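Common to both upcoming complexes is subunit A, partnered first by subunit B, then by subunit C.
Up next, the complex of A and B:
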């Protein structure tokens, strides 16, 4: 319990739940089971998008190609099912493999050239999207398999079926980082490249693995989103950039690498989705929602920084300090960087 | 190191003439090294123009060259806006969003508020500078990476601009602006915007080659800690870089509005990629500390020639996005290869005497 309270997203989640309860009393619409279903449906896709970015953030890299891979995978699924008449299982498997290959390609280019992931994935992401638009002549595929529809639109009262794959992915990624040797080595490389390399871990392997799994997760998010949208369009992924960073960062993923709180991603996805929904229910402009996303990233990153300082501060002084003493602690911590770090 | 110097001396003494020769060759090659991006780009532009001139009818016609210049001028200024921050080892993901804010401001001031033109330009420039300065201040105060700060502001500014205008279209009716974007200069193939881009380029060149602020920016980008240790006020230099980047975004906004004329807050959403392509293809090192203004101007010209050529030879518009990504990828890889080659040469010039290794032939 203590561990949960200490996580970065705990205060955010608490605030969201309180706001949600208040909102559901003030506007009937917000608490309705259909609205909660919508929140969960969006949150599930957000969570997988966030996990995809978190994989690369864990090795202190980044991917701007999450949306590009999603666009290409969406088209592949639609094309294989509707045009090539593959059974839906094979079409999905083929598209997921394509996502994996795209991620692998990013990873290999970055590992070989030692360039920053930023510029490489900016280029490849645009190229992937370009291929998707080119193949389809920007016409979406409208024939969607019933399995995807059931998954994307199905619900039991407020419980969207999409939550199941999202939780499965979260658990799988969390378990991979905790128990698999490769997962631990990703965190080691992300946390301190030099130390990891000196202790015999391969930096190249870590980067390639992170990008490949990231590509696979982006592909999974894309396939899930086809069912939500009821259309396989190359426009999928065009607005995923901010979300892909907002979700892991709000969930407590460090930008400097070495951390991968998968559960944080899931919580952050729900928080973001709920906030978006609340703003819409309250009839705030959609533009304000976009602004809110940007400001939320800040709030999360700054809260994370302060939280880290406060946490390390309490650990040293062995008592939770509040009020002016707490501010003094922060000032002291930021004045002596390095001391506060474990 | 001492042992290396001893060996160096031995080899120098043993074979002075071939050493001097290779040294001279290296000197020439290194001198070219800083210019390869410009020479390579002129070569690329020549090939593009020749190929499309033969393959597509009307590519070299004055109408098409005019529209290439129109677009390339704006992209070059965007590249410079991006380069301002790349030079200090940062990046500006919000070029397009600052563009959206400035576009909304320009439209509002000229159409809704009816402000005189000079005042509108001044205010738009001020808005661009302030929007960028705010990002810089946040970066310096929080110590976060410029990537995450400008990403957050990308979202906030784009949303803010839409919120401010409510999605309204502004029809700009100013004869000066219309002449700027649709008039001609010297010949019917040159848009006046080209002159604007060249002036911006000259100012940037003077900044980096003749001004202490520019040198300090290069120093901060090359090694921030060393710059601070040698007395450079890093915060002030970084803020100046942000401000200049914002100012160039505002200039790009006016350029864009001058040929689009019918503007809204959605403008700028697709500026990120051209800004990076112009800067990176132009030879600006992503790690900071290097600039090539000529390279940026030529890169923008090449990029927009390629885009226009593909349209001329009837490549469907939905295939246009793919070459954009590929051009950036190839540019980055070429830049990487060039730097790797130059790094193997560097010890020679720094040591003053030729080092025995690496072999200049093997280094190619």
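Up next, the complex of A and C:
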């Protein structure tokens, strides 16, 4: 419990729950079963999109190709199922593999050339989107397998089925960072590249792994979204950029790397989804919606930062002794044989 | 450390050499294209002196990759065959409809010898400098599916009258609701000039009910696959029980609403009219989950644009200053490309085809002499 309260997203979650309760009393529709389902459905996709970006932020890099990969994977799924007549399971597997390969390609290019991830993913993301539009001539695939629409739009009362894969991804990513050596090495490399390299960790391997997993997660988000829209359109991912950064940053992921709380992503996704929903439920002037979203995101980040400062101050006052610090400790813990040479 | 510096230098050198090689190759190809066509590039004034058939190259330029423009590709292909000249459908690579990308796309085509353009303007004013340059080179340009603001060098604007269409859509919905009730309106990007016109059309349609129909909520800026589904669901969650009708003037909100209504029977008391012919919309219409959809004449836009631009170049026709244009929004040189309502009884008939209104296309082409003066 104490650990949850110490997280950056705890104040945000508390504020959202309080606001949600107040809204539920003032506007009874906000707490309705269908509205909660709507919030959870959107949040589930946001969470996976956020996890995709968080993977690369963890190694102090960034990916502008999350939307481009999603666009290409969406088209691949639609094409394999509708045109090539693959079974839906095989079509999804093939599309996820494509997402993994796209991410892998980003990682390899960045690791080999040492070019900025910003530049490389800007280029590849645009190329992926271009390929998707080229294949389809902008016309969506509309013959969507029922398993995807059931997943995307199915619910049991307020519980969206999409929550299940989103939680599974959140747990998998969280567990990977916490318990797998490669996960810990990603955080170590992201936190302090020089220290990590001196500890025997491979920077290249970390970057390639982060981008590959990011590609896979973007692909999963894309497949989930096909079910939500009941259409496989190349426009998927076109407006994912802001969400992909907002979710992990609000959730406590450090832009400088080294901190990647997967659970924070899930909470931030719920917060963002609830904000979007509340603005429509409250009939906020549509021209003001974007401005309100921006201000709320800014307020959320400031609140998180203030909370972090307070917690850091508390920790310092409790632990005056100096030591290797969290990042140094991660680097030491992660420097296990078999992780590759610097 | 030295090794790292060497490696970086090696990569930088390789990248520079590769980049330089590609640039040189592109330049060679571009130069070859310009060389073969620069002599043919027109330098005439706006009077459109006759151009030999073999030198006519017409381009239909959408705002970016979007399903709405897809019938233009078919129209370009058909008209190219029918007229015996080059008619190309060239999509600027900008999903966000960035005017700068559209401008560079057109500039590239001019360099390749294209000498007539029908363009969906990405920005009602920002594209005008491009038009001015085209006009200075004697290249005819018309607005297609969207209009630039007056004063504009565009010879005319052939597009759906979105304001009238939205008003008509609202009136059809009002009638279906028995003349009274509460409605919500789903629409597109705030940056799209058409959004304001559509909203004005809906407002006029509501006003025509003399207070019996109330527009309780407008949800705009949701014409994207990510924004539309949650917005529609949130709207239905909050207002679903009190709404009698709902209408959309844009593609993705229509798809999202059709999809949500298909899955959630508790909202089917709401009469919904969507826009365009996505299969999700048409399936929902066939099954009676939605009330109807508004049909546009995308294919006809491509046909008329290609034929009139051809006449300007091949026959030396020019646009009449006293042509019977309509004033719509910020343009006074507008011609309506047509729209109509498709209900359940016609759903099967229109489910498979592309958006096309042959009767309107035929009518406009039949009135060519009212708009073009040919020697």
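Here, the second predicted complex is superposed on the first by the 303 of 342 C-alpha atoms of A that agree within 3 Å, B and C clash if a C-alpha of one lies under 4 Å from a C-alpha of the other, contacts with A are read in each partner's own complex, and residues count from 1 in each chain.
Note that a contact is a pair of C-beta atoms (placed from the backbone, for glycine too) under 8 Å apart; a residue touches a chain by one contact, two chains touch by 3 or more.
Computed from a prediction, not measured in an experiment: that's the story for all the values here.
Asks: In the superposed model on subunit A, is it clash or fit for subunit B and subunit C?
Replies: Clash: subunit B and subunit C overlap once superposed on subunit A.
Asks: Is A:133 touching anything from subunit B or subunit C once the two structures are fitted on A? First, second, both or neither.
Replies: Both partners.
Asks: I'd like to know which partner A:29 touches here: subunit B for first, subunit C for second, both or neither.
Replies: In the superposed model, A:29 contacts subunit C only, not subunit B.
Asks: Looking at the overlay, does A:168 come into contact with subunit B only (first), subunit C only (second), both, or neither?
Replies: neither
Asks: Pick one for A:113: touches subunit B only (first), subunit C only (second), both, or neither.
Replies: After superposition on chain A, A:113 lies in contact with both partners, subunit B and subunit C.
Asks: Using the touch definition from the top, say if A:62 reaches subunit B (first), subunit C (second), both or neither.
Replies: After superposing on A, A:62 lies in contact with subunit B but is clear of subunit C.
Asks: Touching A:142 in the superposition: subunit B (first), subunit C (second), both, neither?
Replies: So A:142 only meets subunit C here.
Asks: When you line up both complexes on chain A, which piece of subunit B, out of 255-263, 273-281, 291-299 or 345-353, runs into subunit C?
Replies: Only 255-263 shows clashing C-alpha atoms.
Asks: For subunit A, give the residues common to its interface with subunit B and its interface with subunit C.
Replies: Subunit A residues touching both partners: 113-115, 126, 129-130, 133, 137-138, 287, 289-290.
Asks: Which residues of subunit C touch subunit A once you look at their complex with the stated criterion?
Replies: Against subunit A, the touching part of subunit C is residues 7-8, 11, 15, 65-67, 69-70, 73, 91, 93, 95-96, 190, 216-221, 224-231, 233-241, 252, 255-256, 259-260, 262-264, 266, 278-280.
Asks: Given the complex with subunit C, which residues does subunit A contribute to the contact?
Replies: Going by the criterion above, the answer is residues 27, 29-30, 32, 34-35, 37-38, 41-42, 112-115, 126, 129-130, 133, 137-140, 142-143, 149, 153, 225, 228-231, 233-240, 243, 273, 276-277, 280-281, 283, 286-287, 289-290.
Asks: Can you tell me which positions in subunit A touch subunit B when the two form their complex?
Replies: Touch list, subunit A to subunit B: 62, 68, 109, 113-116, 118-120, 122-131, 133-134, 136-138, 241-242, 245, 249, 255, 285, 287-295, 297-298, 301-302, 305.
Asks: Going by the contact rule at the top, pick out the subunit B residues touching subunit A in the complex.
Replies: Residue positions touching the partner: 91, 138, 142-145, 147-148, 151-160, 162-163, 272-273, 276, 280, 286, 316, 318-326, 328-329, 332-333, 336.
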